[in-house]
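Just so it is clear, A, B, C, D and E label the chains in written order, and each chain counts residues from 1 on its own.
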Amino acid sequence: MLNHILSILIFFPALAAMLGFIIHKDSIRAYGVAIAAIEFALSLWLWFSFDSSASGMQFMENLPLVPAFGINYILGVDGISLFIIILASFFTMIGIASLTDTKNEKNMIVTLLFLQMTMAGVFAALDGIVFYIFWELSLVPMLYIIGAWGGPLRIYASVKFFLYTFTGSLVMLVGMLFMAYFYYQATGAWSFAILDWYRLILPESFQLWLFAAFFIGFAIKVPMFPFHTWLPYAHGQAPTIGSVILAAILLKMGTYAFIRFSLPMFPDASVFFMFPIAVLAIIMVIYTAMVAYAQEDVKQVVAYSSVSHMGIIILGTFALNVEGITGSIFLMIAHGVVSGALFLLVGVIYDRRHTKMMSEFGGLAHVMPRYATIFGLMLMASVGMPLTINFVGEFLSLLGFYKQSHILTLLAGTAIIVGAIYMLAAYKKMFFGEVTNEKNKNLPDVSKRELLALIPLSIITIWLGIYPKPILAPINNSVESIVQLMHDKSITNEAKTRIPNLVKGAEIAKTSEQGAH
Amino acid sequence: MFEAIAFYLFAFLTTVMFFITVTTTQALHALTALAAGMIFISAFFFILGADFLGAIQIVVYSGAVMALYAFGMMFFDTTRDVKEKNGNKFIVFGLSIIAAVLIVVIFAAPMVSTNIVALHPMIEGAGNTQELGMVLFTKYLVPFEVAAVMLLVAMVAGIVLAGKKMDLSLTLMNDAEIIDAKKEQHKKVL
Amino acid sequence: MELYLYLALFSPLAGSLFAGLFGASPRTKIAGVVPSLLLLLSFVSSTVLLIYILSGGEKVHVEMMTWMATGDLYIPFGFIVDQVSVTMMMVVTLVSTVVHFYSIGYMDHDKGFNRFFSYLSAFVFSMMILVMSDNFAGLFIGWEGVGLCSWLLIGFWYHKESATWAANEAFIMNRIADLGMLIGIFLVYWNTGSLQYDQVFATVGSLDKEVLTWMGIFLFIGAMGKSAQFPLHTWLADAMEGPTPVSALIHAATMVTAGVYLVVRANPLYDLIPNVGLFIASLGAFVALFAASMALVNRDMKRIIAYSTLSQLGYMFVAAGLGAYWVALFHLMAHAFFKALLFLGAGNVMHAMHNELDPFKMGGLRKVMKGTFIMMTLASVALAGIYPFAGFFSKDLILEVGFVENHYIIYTVLLFTAGLTAFYSFRLVALIFHGEERYKLFGIHPHEAYKFMLVAMSPLLLLAIIAGSFKMTYFEMVTAVLPATEYHVHSAIAYWIMTIGTQLFVILAIAFAYKKYANNKVKVPDGTSKMENNLCYKTLSNQYYIPYIYEEYLVKPYRELSSVFWKQVDMKVVDATVDGIAGIIYAGGEKTRVMQSGNLSTMLKWMVAGTIGLLSFAVVFGLAVRYSGEIKIILSGLGV
Amino acid sequence: MIEPVNVSLASLNLMTLAPMLIPIVGALLILVIDIFKVGLDKTLYVSISLLFLLMDFSALLGSAGVFTQDGIMMGVFNVMLIDGLAILSQFIIVGASMLFIPLALTHKRFHEFSYPEFFALFLFMIAGFQFMVATDNLILVFVGLETSSLALYTLVAMHNRDKSFEAAVKYFTMGALAAGFFSFGAMIFYALTGSVEISQIAAVLAANKYVDIAYVLVGVVFMLASFGFKLSLVPFHTWAPDVYEGASASMAGFMSIVPKIAAFVVAMRLFEFLIHSGVVWLEIVLYSFVILTMTAANIWALVQTDVKRMLAYSSVSHAGFVMAAILIGTTQSNSALFLYWILFSFTNLGSFSMLWISRQKHLPLHQMSDHSYDKFAGMVQTSPVAASIMGLFMLSLAGVPPFALFWGKLYLISSAVTGGYTILAFIMALNSAIAGYYYLKLIVYMFMKEPVMGNDGHVYVSNATIALKSIIGFAAIGTIFAFVALNPLLELITAFVYNSGY
Amino acid sequence: MEIGLNHYLVLSTLLFAIGLIGVMRRKNLLLLFFATEILLNSVNIAFAAISHYYGDLTGQLFVFFVIAIAASEVAVGLGLLIVWHKRHGNIDLDHMSTMRG
């Protein structure tokens, strides 16, 4: 079973979702929670069976799909993808558990389970096309979630979300086809296997173009400035659960893909584009933080804050050293937890008041002290308070990028200032002051069910902030192998100097050889 | 010389006839001009030694097709003046003239291609019809048969479309109405 | 000893969590008492450690566990108790124990009693981490932790707009500095490959001067924020919105001195870059004067004390910047005692006056608040630096340092500031406790604070009086890790002239203050007097218009720019571009769909037109190919 | 005198004719039955048609078997040409027809199915298409084309509504013009080479090194115009939306697949050798056609309010997409064409069948047309399964993986990449994105809008029978699990195309 | 004044152009069908001429088939017109634009 655990992780929720159609609507939530819990347990099992000291892919599966065209169903996890998979199943679980009364609950839960399939698939796929399949497929449930359960602009938002991402990923697909073609030219056989692609050393000009093609797909997903405008709409209109999963997992697909594809495949291009991308990332950090500050809707604040944080993740990724990349991966998880929690929190108040405008609130700390406390905790995590999960990631990301550019890091570092500004301002507007709005006087504090979702997140937030090692170590191992691979593959002098040499080459070669067969 | 005179004469006549066909407002004139043009075309066939074609041109076109059109014209009662609203004449004539000029520009120049081998050369001493028959029933047997199918299709199609069947919509009628209609039809046939 | 270390470190955390358990429940004494007792435990442990260190024990260095490790980076949770940190631990635990006990009384009637103790203990925990950490990252944890607690505590009365505003201001301003700190840490890491103090300081010597300078600057920027040095000073005065015990603990005794602690801790670094040190000293001197001047005219009791704190921090930086680290640390300690005392006294007054802060509305309180009166007066004396109180030893030492190091301008400034300090301190005392009982005009019935609060304050009083006598013991202890420079004016005569001169100057200033404010003629100012309309007075009372400038030229533009970014740039440019592309495509469809008019004739025309289009292209192409030879000749004839 | 001709039966290779003869026999049988007994139920005729198509299919399997062994077959005086293209396209033609003919078994009565002639014409039409693809003789192409076209016009008209007549007349008239273009084009090639056989034309032109390039181009123009009409390339596409709208949904679906694959094969035979001999002009023109057709049709599809019309434009766009394969002209691209079209058949079969089962006889007042978007609003609430299936087909059409059409797109774009048409590849990708919008629009209506008043959901399946449902189920399964069959399919197609010399 | 193949081709082209004029100009469907006949006929001339000049019979065969096709088209076309006429009483294509866009 362990040999196929990834396939089970991917397809178990999908099969369960199919079965879900026949389950009576009164029992569907229990069913959903049970399935998601099993899925989560499976993902934990994956973690426990995972050899943290190894750097290569584990639990690999390889089934021919269209061998004539080099498409194979290849799965595998390493330290980079492992935790995002776990995070995904975790969020699906608490997302379903904390669902508040929604119409068509059954459809929602079935959709969420499908979404879980695609999320697990994206992060476990080691074949370009299989990756692409899940990547695109993940849009569909999200489209439905936003479009069917969203706010007044839901259709616009969902269609925008879908088309924008879809467009970007089609460009990426062309890039993948080129990659496969180059592989074909080099070896005489088609292959879409990522580990095969790792072995290709492309001329720099090719790298630049391909990097650009992949970049568009990923950048829109992340979303990077100036491709980010779908995100506020999507978040603004999505129901709570949609925002949570969107922010926590779906956005990570883009940054994950940068690390999985762009960096190891195009090391020279990565170095070439490092500064332009860093500049974009800094714009993301500062500009979107300012935009967040100007928002009137608390959910939009969190939405824009996501963009801002994604900027740091990008920056860490393009630090191109172990510290930065490890940090960015950790920050992906951290941001997943924190922004997921923040969206859940926004959902809590939205359920009570059916508005998200900050001007409607004020003084909530009086009426909902527990809520205010948890919100405060997440806020502090969001602004990167040490000993919370976010800090580790942000610190490492910035630390890593500092090696590449001092000035840009200084600019990016303003994240901790501007982040504090909009977050504190929002918190002040909502929680501080006197309760002025009559409607807020008798709001109930967070319920047990809501706590069920929020408390684990709070615990994770602090636990991983204090003791990130269990996650950091496996990530570190895998990142080291990627960095080494990049160093070995790079052809320009600039890249050779920018990407550190860790002298662990032999091990990497072995891994990619395993992957090829 | 005779050939040249004949060519130009018939070329002139055909052109004029066809021009009348497409421009006149009198449907009857158009029909007549078309028929005349067809007959003049058959002249070319004779000139070019395609006697069989000349014959069937007259028979099929001037005979059958024209008869059909004439019937149609009567049916549609288009013997009157045809009122046609035409917007931009320039588009119509302009486009056509451009087309003509363009092609003529090319066709005016002789072809320089060589290597043309007659696949089915004219056979010395055989009549055109015989020659044609020879090729038609060997090489072109299949197209010939398919053409037969095509004619069958056309026939069936013509019958289906023009026949009584399409007058009623069985889609929109209910069962009782259909039975009534059938009885009605039956009576008429009897 | 490790046990004591952990006890000292974690008992505040335990206290905080314990009080936090009662966070949502109604006020209960136990939520205050238990943390206080736990803090007492922490204090006792610290004392044990102090005695251990004093008795010549080795540094206690523990590594609890790994925090972050990736690549070459390795950051543990490591703690060190050496001479410097034990000093800080003593100060922190002592003052906070006092403040805790005091708060049990002070916060007695507050709804958020439990919450308060939770925050307060959390603060102490953070502060302990800050001072005990053995690496920069740990320092940063504490650094941010105290910032967080400061935010929580300033904004403790979150229903007050001003309080929450001040809290946010403090947090954000500190964050600006923290960025500098962070960059400094990055610099340290990438240049030395480690963040452990011992490893870092072992390698700084071999580094490039320029790198070291930058390191020093960035770390000091961090210190500037925490210690509220110009231009990041405005938050400190505003932070007085918090409960008074908080001001005493955080904004006088402990947190604000963290900057000084950082510079002291990083002394091997700063020793190598005297230019930066001089800058620090100059800035310190400037702030000392600058803050004192604002205190002169202020009409808010707590703000006056806050400016005084600021001013004293300036003194400390002067010492630290000039390399007299032990002096800075000594003044830090002494200052903590008397300033905390002053604040707590002010808290008593506030309680008595029903949160009235304007000393002009008080007067004559010595009759009803004898204990407080005595304590505050003595604390002010200590602050003014009158022999033999603690301030004399520490502050005069700094003046001497300035003098000995030949920085006469700094010396002069500090001397002058000492006079100002005495003046505003006693202006405050005089206004509060002497003269007419102006409060009666406002119908207030003051009363003395609980006995046990006064008792709780008494250790501070004691220390404020006698701390100076520990000078030599202290010197011997800390110089084990800090540069052991003794500062003595070369000639004994000069020394005496200076000392006595200073004392006289200060006493004169006190006398002047008393003369002006301790009489019955003092009126509640109504903004009409000549003095109040004086430009100088206005500038000072408006804090040199700096808050105004910040508001007008930083905050507002930021807010407006944000709004522009959102409404103009994001919505109208970035998003509109995306929507515009979609819109153009869609409009293209709407516009061109007329092509499909449904009219057969049009359709046929399109078909013919398409063919003609192709034909034209074909003919052009065909002719070009056919006559390519000729075309080439013509073109070459044209000289193309 | 004419010598008598001796022909041995074996040399005729009559087996090459077998697949085409079977439907003709079937059609004749239907006509004969009708003579003897009037008013038989449509199920009989459907079964007969299916039976003969099945036989046809088996015959094709036989041909395929022979082809894999012996390679290209010529038959009946070398008029018939059975190569990989012919076999593959006939598989598609016959296979798709087999799937479409049961759509006659509707729950409601429709005029055309009451007449056996419908089925006879249908079978004749299939035969016509088969002839068209199984030869490289332009005469037979022409005759086959006309046979099928004439039958098709009639089939469209037999739906017996004003709109369907209008559609048929439009289709017919434009078809007549296209026929004129075809004959003119053929004439030019004949004038150039003295032959009407494509292989011969190619040989002669090559021998002459294309000296008369201007002539060639004019010939190509007219051929392009003629096939542009059949393949609905912009600006020759104008019939498509109207005819699709006028015809019944089942017939529209059929038209979107079968006639086009026949035309594609002929176009491939005709243009491929020209492209390979370096006629730059043709490359430019085809390039523009491809881009124009894809993009313009997409843009027009965006603004449609009727689903069927939208699907019509979408089919036009897909045709443009596939035309790229001919432009690229590599073995991979030609294989991609067939792969794409097979997968497209499944998807389009499904989507048009879904429209077909929701066909009402009378238009409700609030509805502008038969299949306006409004009609599908909130469909998920009343018939979730149907909505999901329809959504599935839309996603497949949009190219969302892993549904059928994605693989077609993937392989086709890949062939563009491989063939060196980078820009084209990106344009194709971007066009897929534009297309996403209008497919999504239907999904939005079905899943995210509230139903129109008075729509109880019955309408969506009002026309459904077991037969139709099975067809839809089949199409859905084919669409979802396309990837299972992909590898053998791809290998087969590639082998067939490669062995035919394309 | 030898009449060559090109003469016939040009003639054929001219007639074809006239046919195009008719196709585009005519609104009466019946008369439009006349124009399509002209198109086919013009091509027939060219085929016959090519056949003549090349001494090859294929062209004539093509003509033969074109004539057959033309005849079939007339049958179907007229059939369609009749149905339309029965329903609408006209065969003017301007009345035939219910579908658009």
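Everything below uses one rule, namely that a contact is a pair of C-beta atoms (placed from the backbone, for glycine too) under 8 Å apart; a residue touches a chain by one contact, two chains touch by 3 or more.
Small disclaimer: the values here were computed from a predicted structure and weren't measured.
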- Message: I need the common contact partners of chain A and chain D, sorted by label.
- Response: C
- Taking a step as a move to a touching chain, how many steps at least join chain B to chain D? 1
- Note on the structure: Between B-E and C-D, more contacting C-beta pairs sit at B-E
- Item | Chain located farthest away, centre of chain E as origin (C-alpha) | C
- Item | Most centrally placed chain - per-chain CA mean versus overall CA mean | A
- Message: Among all chains, whose Cα centre is located farthest from the one for chain B?
- Response: C
- Query: Taking each chain's centre as the mean of its CA atoms, how far is chain B from chain C in angstrom?
  - Reply: 98
- Item | Centre-to-centre distance between chain E and chain D (centres being mean Cα positions), rounded to whole Å | 26
- Query: Using mean CA coordinates as chain centres, what's the chain C-chain E distance in Å?
  - Reply: 94
- Task: Averaged over CA atoms, how far is the centre of chain A from the centre of chain B? Could you give it in whole Å?
- Result: 69
- Hunt down the residues of chain D that sit against at least two other chains at once, touch-wise. 139, 143, 146, 150, 153-154, 157, 169-170, 173, 177, 191, 194-195, 214-215, 218, 241-242, 303, 437
- Message: Touching at least two other chains at once: which residues of chain B meet that condition?
- Response: 91-92, 95-96, 99, 102-103, 106, 109, 111, 116, 118-119, 131, 140, 143, 147, 150, 153-154, 157, 159-161, 166
- Would you please write down the residue numbers of chain E that are in contact with two or more other chains? 5, 9, 16, 19-20, 23-24, 26-27, 33, 54, 56, 58, 61, 65, 68-69, 72-73, 76, 79-81, 83, 93-94, 96-101
- Message: By the document's touch rule, what are all the touching chain pairs in this structure?
- Response: A-C, A-D, B-C, B-D, B-E, C-D, C-E, D-E
- Query: chain A touches which residues of chain D in the complex?
  - Reply: 380, 384, 395, 398-402, 406-407, 410-411, 413-414, 417-418, 422, 425-426, 429-430, 432-433, 436-437, 440-441, 443-444, 447-449, 483, 486-487, 490-491, 494
- Please name which positions on chain B make contact with chain E in the complex. 1, 3-4, 7, 11, 14-15, 18-19, 21-23, 27, 30-31, 34, 37-38, 41, 44-45, 48-50, 52-53, 56-57, 60-61, 64-65, 68-69, 71-73, 75-76, 78, 82, 84-86, 89, 91-93, 95-97, 99-100, 103-104, 107-111, 116, 118-122, 128, 131-132, 135-136, 140, 143, 147, 150-151, 153-155, 157-162, 166-167
- Residues of chain B touching chain D in their complex? 102-103, 106, 109, 111-119, 123, 125-126, 130-131, 134, 138-143, 146-147, 149-150, 152-154, 156-157, 159-161, 165-166, 169-172
- So, in the complex, the side of chain D touching chain E is made of residues 138-139, 142-143, 146, 150, 153-154, 157, 162-163, 165-170, 172-173, 176-177, 179-180, 183-184, 186-187, 190-191, 194-196, 241-242, 245-246, 303-305, 309
- Note on the structure: Counting only contacts in the complex, chain C reaches chain E at residues 593, 596-601, 604-605, 608
